[in-house]
Amino acid sequence: DALANIESTKTIRVAVPQDFPPFGSVGSDMKPVGYDVDMANLIGEKLGVKVELVPVTSANRIPYLQTNKVDLVISSLGKNPDREKVIDFTDAYAPFFNGVFGPDDVTAAKAEDLAGKSVGVTRGAVEDLELTKIAPATTDIKRYEDNNGTISAFLSGQVDLVATGNVVAAAILARNPPKKPEIKFLIKNSPCSIGLNKNEPALLEKVNTIIADARKSGELNAIAQKWLGADLPAEF
Amino acid sequence: MMMEFTTWDILRNLLLAARWTVLLSLVSFVGGSLVGLAILFMRIGKNVWLKRFAQGYIELFQGTPLLMQLFLAFFGLGLVGVDVPAWLAAALALTLWTAAFLAEIWRGCVEAIVRGQWEASSSLAMGYVQQMRYVILPQALKIAVPPTVGFSVQVVKGTALTSIIGFVELSKAGTMVTNATFQPFIVYGFVALIYFALCWPLSKSSQILERKLNVAHRNH
Amino acid sequence: MTYSFDFSWIGEYLPVLLKGVGITVELILVGAFFGVALGTLCAWIRALGPLWLRPVVGAYVEMIRNTPFLIQLFFIFFGLPSLGFRMSELQAANLAMIVNLGAYSCEIIRAGIQATPRGQFEAGASLAMSPIQTFWHVVLIPSLQRIWPALSSQIVIVMLGSAAVSQIAAEDLTFAANFIQSRNFRAFEAYLVSTVIYLFLAIVLRQLLRGAGALLFAKRRAAQ
Amino acid sequence: MSLIEITEVRKSFGTNEVLKGINIDVDPGEVIAIIGKSGSGKSTLLRCINGLETIDSGSIAVAGAQLLPDELHLRALRLKIGMIFQSFNLFPHLTAGKNVMLSQMVVKKVPTADAEATARKMLDRVGLAHKFDAYPEELSGGQQQRVAIARALAMQPMALLCDEITSALDPELVNEVLAVVKELAAEGMTLLMVTHEMRFARDVCTRVVFMHQGRVHEIGAPQDVFGDPKTPELKQFLGLQAA
Amino acid sequence: MSLIEITEVRKSFGTNEVLKGINIDVDPGEVIAIIGKSGSGKSTLLRCINGLETIDSGSIAVAGAQLLPDELHLRALRLKIGMIFQSFNLFPHLTAGKNVMLSQMVVKKVPTADAEATARKMLDRVGLAHKFDAYPEELSGGQQQRVAIARALAMQPMALLCDEITSALDPELVNEVLAVVKELAAEGMTLLMVTHEMRFARDVCTRVVFMHQGRVHEIGAPQDVFGDPKTPELKQFLGLQAA
């Protein structure tokens, strides 16, 4: 039982991203920072245990969980039925404000307009799952390893458009690049969940309670404000 | 919310991470040499089963991506309940991988020793182990130095793949910093430079050793 | 802990896997052919070519051999467009592999050329062949024959290294594995399957290269 | 007019002056043997004539044309003069036939069919018509050397330079190569050969050049050189040879 | 009693039968020259005696003990019989002295000091005491071959097999090696040597074996074999050699 284990060792091990700002990246001291990191700390605090952050990539985050090297994966995971067969998901802990961005001269007001265009996206991220569902068949979705690949592909003109978080796009815009990622349309807001191993009802229940409490108390909203620059949406 | 990194921050973090690159390289090279020697003996020995094993081993480790080997060493072992720490898994996988290549390189060197040396030592009543120990290996090791040093460059670059099991070595640090700064050219430029600074001396010394050896040979 | 392996997804993702295998195979075939061609050209320059070009090629070889493939790939895919050379991820992957193998095979082939007995060059010259004709008709084939095993190994190494191209969204075998596990979180199964396929490809490639060598150098023995 | 005019040729390797002013004129159809001790500069002289070494001073002219050290002139020269080496230097990856065809096709752009016809003729001339498809490693040393001769002849040179072409052969095989050379001489080919086969030099050659320490020490008809050596060096050299 | 008894020995490489039933008995102190054309099986015979090749049928006995192809018997045999090769096969990474010391120390477990003393004695015997610390590449071919002899002698063998030990040497160096062998013969060492030095065979050997196509074609005292060859093959062989 993972929860008992956490309580007895007084530590919770959490997988967090370090290549996916604003959810997880590193500070100039190479320590992880971001929405997911704050979330992990919040959970640790509520559980009254020490938090051990394990930086992961999209390729190894689930194996970390499955081999019991971490207790939770807080890595802006989106749910889908296949994934739910392998791990359990908590309630949503973060909204995902993401959209399709592109330069001025490309018009794309809705998903159908992506037909025949190339769109860069980070492989396995929520926007990848969503975009794959809604984009027309002729859309050329290019899936890069991490956020940087996606952004670089856009900036170097390898793709017409990118699908990414709006904070990321804003940060890029702030640098005033030759190619400006301006919002075209928002992808359906698909919230992120925390992942944990199957058959851990106690832990699942506990984390869900913490999330619900944090929503009510406004702590979650504070994190959203800090990292996403916006309040949690109403349905949260 | 983007982190502010100065150029110095970037370089400093990369150099700090490069320590792991160096350490992992050293570990895998030393470990790989020892295991490689063992594989070499099986490969050139007389026992058919050991020979097959060594062949299969070499085929397996030279025929699959190092990335997958690392993945399976770390998570695969975890899956069967052996909880190895990341450094051990990295050292293990890199060692086994290095060993496969070194064993092959060295086999070539042993086979380069002319048959006359085997025959002369046979006719002096030496046994197989004695021939190896006193006649063949001393000569083979000498010609093995340049290609071995040359291969160490591959080991240094191979350590980059340990990021799959959570190592923040030079390449991984580069990706992490890039994802925080979105300045791929500066970051990867530095990464390339640091790799070059690590590898080039090795390549160069391998070339120089090779040249020396050839000269020595020609003087015969 | 008990983990139950589940390969039932293979049917659903078979097209992705097959496409991945196809692209990996295409990458290695194109990469090997043009890479060895580039390597041959560079080897000629370094061993026999114009003096002023030799350091240029030398710098290229040292640069490539002493930096990771992934970084080379990034510079080609993300960097070259800023100089006006835009290419698709597949073209970039191909180019990166050619450039990479070109540098390695240059050094290997050069060793083969330098092991050519001087008499072969002199025989060519005394038959009024130009140095280039002598190189092409007389020196090259036996040189390749001398270093064929080393070259074959390097080609297999480059094939396995091609996994990195998945990072620039080229949909090779590793991309397929990553894509699959990103959808269904079956990372072990996906990586296992791709590892086995890589092993299979490596074995087949080695055999093919051996066969090509036997065909190319049939009944002919390199001098020395 | 002389076919090959060698005038005051000098050649040094570093500080080692190997040719110290060589003068020889070779008329068309002459068969000249060059003899001398090891290191006396025989090979170097032949290699200079064929442009494999550049000379330091003096001049070499073939059929009236000066030997100049640029690529174009060299190739023109080598079309006129063939060379055969002690170590055969056949191309190991080509059959005997292809060895003979290659330079015709590559240098003279002769069509394949014609090159093949010539190759068959030349191989026939050296008694190896049946070895057209054999690879060098399948041939004995004597056969390989005869292929090398056929290969040089296929370029229809005005003269042939032969550098100890039988030295690498087992005694039984020497004669088959010398027989071919003898026939060439009889047909009027101009030949300049470094050789240790004194009997052959005496029987076949029109003139013999004795080189000593980078100089032409004696030169003359075989009967004079062998029968009445003037200098003590030649006497000693011939004495050594007889031993 | 014979020291080496070779009885009906046969050996094939694939389908090529190289030894077709060889019978030779060698008495202690005999010096036997094996002569014959290239490919007649001389080297193969020596290599079989020393166990470097396994025989297909027949038997070889040394000092009464059968040669059996297992590691233990082979090593025991090789303690009794030394072998010297055409290509010297010195260990290039060891000095002359260490070359001679190595097998004593490794095989016979002789202490270093004793091995060194023996090595010095043996090198002295072949006239190379002063080259104890020289590496093979610093020695001339003749000197290398003499070190090889010293190395074999240091194992105190009952007999020595020599396979064309002077063929790789320049003519001037042949004599210094043959002088050593002659001395060994005079001291009573049993010697089996493949050689092309007919004069040496005639002067030094007790018996001469002429091999032809895998058989002992003639065998006898040197004066008989050389002075009165019985078979046309031997006559031809000797005739060729004289040419």
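When the chains are written out, they are named A, B, C, D and E in that same order, and each has its own residue count from 1.
Everything that follows uses one rule, which is that contacts are C-beta pairs under 8 Å (C-beta built on N, C-alpha and C of every residue); 3 or more make two chains touch, one makes a residue touch a chain.
From a predicted model like this one, the values you see are computed outputs, not experimental measurements.
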Which contact partners do chain B and chain C have in common? A
In how few steps can one go from chain A to chain C if every step must land on a touching chain? 1
Rotation angle (°) superposing Cα atoms of chain D on chain E, nearest 5: 170
Centre distance in Å when chain B and chain D are each reduced to the mean of their C-alpha atoms: 53
Roughly how far is chain D from chain E, centre to centre by C-alpha average, rounded to an integer in Å? 41
Measuring from the mean C-alpha position of chain C to the mean C-alpha position of chain D, what distance in angstrom results? 45
Distance between chain centroids, defined by C-alpha means - chain A, chain B (Å): 37
Provide the list of chain C residues touching at least two other chains, using ranges where the numbers run on. 1, 3, 74, 78-79, 187-188
For chain E, which residues are shared contacts with two or more other chains? none
Where in chain B do residues touch two or more of the other chains? 71, 75, 79, 184
Under the definition above, what is the set of chain B residues touching chain A in their complex? 1-6, 9, 13, 16-17, 71, 75, 78-79, 83, 163-166, 168, 173, 175-180, 182, 184
Residue numbers of chain C touching chain D in their complex, please. 117, 119-120, 122-131, 133, 137-138, 141-142, 145, 217, 219-223
Which stretch or stretches of chain D touch chain C in the complex? 50-52, 71, 74-76, 78-79, 82-83, 85, 87, 89-94, 102-103, 106-107, 135, 137, 148, 151-152, 155
Provide the residue numbers of chain B that touch chain E in the complex, in ascending order. 116-117, 119-128, 130, 134-135, 138-139, 142, 219-220
Complex contacts: residues of chain C adjacent to chain A: 1, 3, 6, 9, 74, 77-79, 81-82, 86, 89, 166-169, 175, 178-179, 181-188
